[in-house]
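Sharing a structure, written as structure tokens. Questions coming.
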Amino acid sequence: MSAFPEVTKVLYEGPASKNPLAFRFYNPDEVVEGKTMAEHLKFSAAYWHTICGTGADPFGPGTMLRPWDSAACCPLEKAKTRGRVFFEFCEKIQMPYYCFHDTDIAPEGETLADFQANLDAVTAVFAEEQQRTGVKLLWGTSNLFSNPRYMHGAATSCHADAFAFAAAQVKKTMELTKMLGGSGYTFWGGREGYQCLWNTNMKREIDHLAAFMHMAVNYAKEIGFTGQFYFEPKPKEPTKHQYDYDCAACINFLRAYGLEDYVKMNIETNHATLAGHTVEHEIDYAGMQGMLGSVDANAGDLLLGWDTDEFPFNVYETTFAMYEILKAGGFTNGGLNFDSKSRRPSYTYEDMFKSFILGMDSFALGLVKAVAIIEDGRIDAFVKERYSSYETTEYGRRIRGGTATLAELAGIAEGLGAPALPGSGRQEELESIVNQILFG
Amino acid sequence: MSAFPEVTKVLYEGPASKNPLAFRFYNPDEVVEGKTMAEHLKFSAAYWHTICGTGADPFGPGTMLRPWDSAACCPLEKAKTRGRVFFEFCEKIQMPYYCFHDTDIAPEGETLADFQANLDAVTAVFAEEQQRTGVKLLWGTSNLFSNPRYMHGAATSCHADAFAFAAAQVKKTMELTKMLGGSGYTFWGGREGYQCLWNTNMKREIDHLAAFMHMAVNYAKEIGFTGQFYFEPKPKEPTKHQYDYDCAACINFLRAYGLEDYVKMNIETNHATLAGHTVEHEIDYAGMQGMLGSVDANAGDLLLGWDTDEFPFNVYETTFAMYEILKAGGFTNGGLNFDSKSRRPSYTYEDMFKSFILGMDSFALGLVKAVAIIEDGRIDAFVKERYSSYETTEYGRRIRGGTATLAELAGIAEGLGAPALPGSGRQEELESIVNQILFG
Amino acid sequence: MSAFPEVTKVLYEGPASKNPLAFRFYNPDEVVEGKTMAEHLKFSAAYWHTICGTGADPFGPGTMLRPWDSAACCPLEKAKTRGRVFFEFCEKIQMPYYCFHDTDIAPEGETLADFQANLDAVTAVFAEEQQRTGVKLLWGTSNLFSNPRYMHGAATSCHADAFAFAAAQVKKTMELTKMLGGSGYTFWGGREGYQCLWNTNMKREIDHLAAFMHMAVNYAKEIGFTGQFYFEPKPKEPTKHQYDYDCAACINFLRAYGLEDYVKMNIETNHATLAGHTVEHEIDYAGMQGMLGSVDANAGDLLLGWDTDEFPFNVYETTFAMYEILKAGGFTNGGLNFDSKSRRPSYTYEDMFKSFILGMDSFALGLVKAVAIIEDGRIDAFVKERYSSYETTEYGRRIRGGTATLAELAGIAEGLGAPALPGSGRQEELESIVNQILFG
Amino acid sequence: MSAFPEVTKVLYEGPASKNPLAFRFYNPDEVVEGKTMAEHLKFSAAYWHTICGTGADPFGPGTMLRPWDSAACCPLEKAKTRGRVFFEFCEKIQMPYYCFHDTDIAPEGETLADFQANLDAVTAVFAEEQQRTGVKLLWGTSNLFSNPRYMHGAATSCHADAFAFAAAQVKKTMELTKMLGGSGYTFWGGREGYQCLWNTNMKREIDHLAAFMHMAVNYAKEIGFTGQFYFEPKPKEPTKHQYDYDCAACINFLRAYGLEDYVKMNIETNHATLAGHTVEHEIDYAGMQGMLGSVDANAGDLLLGWDTDEFPFNVYETTFAMYEILKAGGFTNGGLNFDSKSRRPSYTYEDMFKSFILGMDSFALGLVKAVAIIEDGRIDAFVKERYSSYETTEYGRRIRGGTATLAELAGIAEGLGAPALPGSGRQEELESIVNQILFG
């Protein structure tokens, strides 16, 4: 029985199509730079927003029309139905991957044992559906922030019981991720931070977080889970301040506690902007340290101060993100996971499809435009030329080689007299080139 | 000849005084928690704002009435006069320390040799004045951002000539800092960042910054400069994005390049808030990693998006900052440097004194209140109790000891059934205690 | 049967008390400037947060322990129980006023008729409880933003049915407010704005909002409701942009549509800051136009971009707010309504009391300090002197009288030659005075 | 003698051109929707940034290479030379209009009389150059914020002398604007606001601002200046809070003081965003009240909190701005004035040309895309349909006609039972349409 009987598989119809249920730019099998669009982009749907999202916000309850939800007889059946609807949706929207939290997919029940039994029952359905559809698991994660027991955090909770429950959840989710063939496990510490510094021992909490991650790394080895661990930065919300503020805070933490070889970054656009960064900055920053793992694709509104998780729309942003991803060598285990939700007033299930079409077309455009910028070559050539004095001068080479000294360079500087200016940055010219490639 | 003939030494007159040129709260010799206020606070005046500040802003030129400036016959004499006026000011305001940039204190002249000769001439005056007044140098720094040659940065410039000039400046300033008995050297990378990511090779620039700092560390060893190196975070302004964004970005950089044993943080309040953090967060964060060096004391306006460098006024802020400084063990080489400027319309030299009185009294209050909070003990006792399950349970101790495993903790969690909530965070009660201590 | 059997009436015990369930600064009957604290402050509790608040946030469900909620047999009984608990709370915390939304106090049921019957049943309890306790209604309002029918707004909905439902709700709430002796009715347009300008006809929506308010004004006349109408600014959240952005937007709207004689402002601290203003600015701005009505007392966190509705804690803010309220002549119909909620981890009902104690003590301090600033007189005297040239010069008086001309003033200016600077703004000196009065 | 001998007139070469000194999208004579691009866009160059901009910022002096500046023998000659260079630049870049401040174009000298004589001498050159080139004056304005006498504001200064000087400047600038055939005069109140509310009498200051504008309106009548007055919103910077915060604040002020028939808005993109609005919002908002006058075209960086005045680059923004301008009926007296500056590291005069090419091409694209959206019709049709219930129902028509009552609508609502949801907002579908039109 279909949840979307009126919607057939969403197909590529080209830029001129006025069919709202077709791709105009995402053509999965089209080859760009030696790989298909699908291989480059590795799109994923977030189970939580896609199938669990209700449209609720702090000022009103859900609006989404999801008739299959009300049809279910009990929580566990509802969870299984949702799973089947989700895979039908993925098939019809041509979505190759998905991601989930444990609490998204199965009801928590009264006890941990109930929860684990529910997870087993639902993931059995998922395994079947993966088999049937070919949709694959990109990564799994545990929700360690919604249950009231995590009100002060999970691994960073002031209470060891909360820590223990979190450990139990991670253990189970990792096992399920392995069983489902997932290629990654993500830590997003929704409440791993503080609400008020007066009641917080920050060092102690961060020590505990490190202990927690080490346990996870050890358990992965023990069970042979070979997927990549990801750490997802977000500066704030729900808490006032989160320890995983941005890539710098995350990577510093990993280095400080000897975790840098086991964990990479899962970068989200809207989290980057809440921390004052562009997503391209965060991708470049992680990439240059070998720490780029995966990307949560969405968009924020820079005039709003909370996480709006909008579907990607702005092709400047998708182009720059794809440019940096390509420069970092593209994805290995990771992908572009749409951690995005339809606006509350977009409440029909047609809107579900249209939202993903928006996001997938925007990133397909971004890929094509990023490749065009690289192939055009003017920008890269300018950047290369810009730093050339570090290759063309002896002392430039010594600086890069780590053998120059202050005294030697002071002597060089004295000899330069009144030096020439260092060359225009040509920002406006480069921006014109970008617009030419985007709109020409 | 006095620059401030009408102003006598500013003295402590107690909270009831209506003399605008007296301290009401800062009583340098008063002993608090075993040390004098002066020893705890280690106040410093920033040479640049105090004596070079004109009140100019992007929408208008300077307003400050500084008659000694116009009286000078030539740049070098003006520089020397400023030095003498500055030390008179420090004496009269009871300021024990100061900080400077090389370009603040001496004219750059036409060539590097001119600049260095000017620096020698002016620092000779400084040495005399230090001797005469007992005022000491907290730290020195080089201005590597104003000269047009640094338009793209200095250590991170795309051009090796700019790097070489920067090296020459740092070398000289370090020598002068040593000669003047300074206990620190600060890196603040005004333009060590980018304006536009399209024209920037971020990895290359950050590699160069690390090379630069290593050279400085090596040169310090060579000349026997034993002061502390500081790295000062600021997220943006003048550039769009700076590599020294916040403590996390700075410390991650130091760890990545093997510099963490040589450099500590110089934390500025207004820079912290521009990065989305409170200053108390940054102090706690640096302190817990052993990286707290010094503090640039000022205040921002959280409704404004640029660095306003106001004199500290808010006693909540000074109390929380002092609480974290005391918790981190207080200052060793560092101090509280007023990187603060009088508002443009506060243009008289009486305003100079009143501004410092505001700042010094606000921090004296902060010290007294922070000590009172610690002595009161209710807050600290609550925090200690809050984490006690990590001591009172066997598995809590194993988590802290690093020997717990996910499997073991999952077993514990199963045994807990439906666990109790983890205890109220009591934020509002703690805030009432803070207000009681501040206003009671 | 008491909901809070262990809590007795919260009493004033003075600044030294360590009893967490006592006032340290709020002494209701203490006379300040000719009125009691209670008369000046006119505190009110917001029914929605106080008794309906669960602690839920976008990342997790409620945490608050409210045993009376789970004890109720059905929605209507639960609503009545909540009413009784609320009035017990008001009695014990010495709260003289309250405010409510229609949907807070009674279940909506299936139809409008159900809802209205439920409202009648619950407000009958309220009327009894008001009688019993002496607690009075400050203002009522209709919730026109939570029900999915208002997803696009209510008075500004694209659909006339939503408009009609909103009209029905306002009509009923106004009748109930009159019946309960309320002295005001507030419009807060939670979704009166847009999510996306591409799908919005802004002029049309604002025209409709004006039509709606005119109908309400007319109906008030018809039924003899003589309370004050209030319009509450908020710039955004839940929508991207709200038409009641700030006082300027609201008052401009009222003037444009001939509503300025019927509606005043209800100013909320955290809404002001989300719009980029301080609350003292908004109070001064409304007050100078005769538009100050009432104040929603809470506090935001300026490093967070959403409405956190914290209990007031910062005495600088409460002092400045009270200073402006006193300058505007104090409250007539309005008051200080705590539109504030305990933090999610403050989940016990002791925290309810402690939260209000924090808020009430903070505003009592603010009142006392504002009065002290006025009595001290130095700040007001400086401000008066600052503008004195508009009284002491002939042309100054003509400017104020509206009779000066450009040509005449140009002649004056020519005669002034190189004029003196206009006098220091003395911001730092004034801030020192404020700190002296707050902490001296 | 040419200032730009190597640069010939910048011509349209079409989207494929790789000539950095050609237009790719701006084709002045191309007809779009019945008018040429030049007629629609009415581009203007801001004299201040274009020819006076040095690249200085708060952290460093100017960088711009402008050899003609250093060649001049004295301030007045320099001013004349700059004028000639500016008109050559306008010719070569095909700029039809310009705008100026009085202090941009002539040195202030020692006295007002000097300044006025200088203005006369320089504007004589301008008059000639206008004649020679056909370049026209869009609007003039007086700089009432840079001179230290305006440190507390001009019309809102606490000192009547400053007010008188400001009056003299406005009088003269209005006369010159008339002489040069300018079609507007703009008020931008750089310091018409406050730095600190403690030392400010806001009502008094705003009263004075109104008196000032009335004098200007009267003087315009007196001398027969028939250009349009504009009021330009900016929320803050340089002051903490400006009275012309946004369009709402400006229009409310105009209505409150009876100025609404004489003054329209001059809306600047970066000022809008600093106030928390998009520029399209501000254009729509002003337009719906008949208050759209002119637009200062630039772009801000939403991750930075100050006015960066970048050249327009983002075609989403230019498209939305042009869409709203077209919907408001296009420009009459106003135009698109590039209040934009090249980045500090774009210091060559080739960068001047490239910067304007970026801005002009971006707005030409915006015009073409906005027209395409309108011609496509899908978005407008959806919006029209969305509000149709106000035409198709009797009570909808009565709401719009102002004859509906709460009682009547309550009856309607009762009859609706459980109403249908109001229709999806379809934001994501509309955004896909926008991307199709921009990139298809």
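Here are some notes:
Lettered A, B, C and D in written order, each chain numbered from 1.
The rule is short, and it goes like this: a residue touches a chain if its C-beta (ideal position, glycine included) is under 8 Å from a C-beta of that chain, and two chains touch if they have at least 3 such contacts.
Since the structure is predicted, the reported quantities are computational estimates derived from the model, not experimental observations.
When the interfaces B-D and A-D are ranked by how many C-beta pairs touch across them, A-D comes first. The pair from B-C, C-D or A-C that reproduces the interface of A-B, where over half of the contact pairs by residue number are the same, turns out to be C-D. Separating the centre of chain C from that of chain D, both taken as means of CA atoms, is a distance of 36 Å. Averaging Cα coordinates per chain places chain A and chain D 39 Å apart.
Touching two or more other chains at once are residues 63, 148, 151-152, 195-196, 236, 276-278, 303, 343, 345, 347, 421, 425-427, 431, 434 of chain C. Contacts from chain B toward chain A in the complex involve residues 110-113, 148-149, 151-152, 157-165, 167-168, 170-172, 195-204, 206-208, 211, 214-216, 218-219, 235-236, 241, 245-246, 248-249, 251-252, 255-256, 275-278, 280-281, 284-285, 288-289, 320, 379, 382-383, 386-387, 389-390, 393, 395-396, 399-400, 402, 404-407, 409-410, 412-414, 416-423, 425-427, 430-431, 434. Of all residues in chain B, those touching chain C in their complex are 15-16, 18, 20, 24-25, 63, 65, 273, 276-278, 302-303, 311, 313-316, 342-343, 345-348, 350-351, 354-355, 357-358, 361-362, 365, 378, 421, 424-429, 431-432, 434-436, 438-440. By the touch criterion given at the top, residues 55, 57-63, 145-148, 150-152, 190-191, 195-196, 236-238, 240, 274, 301, 303-306, 343-345, 347 of chain A touch chain C in their complex.
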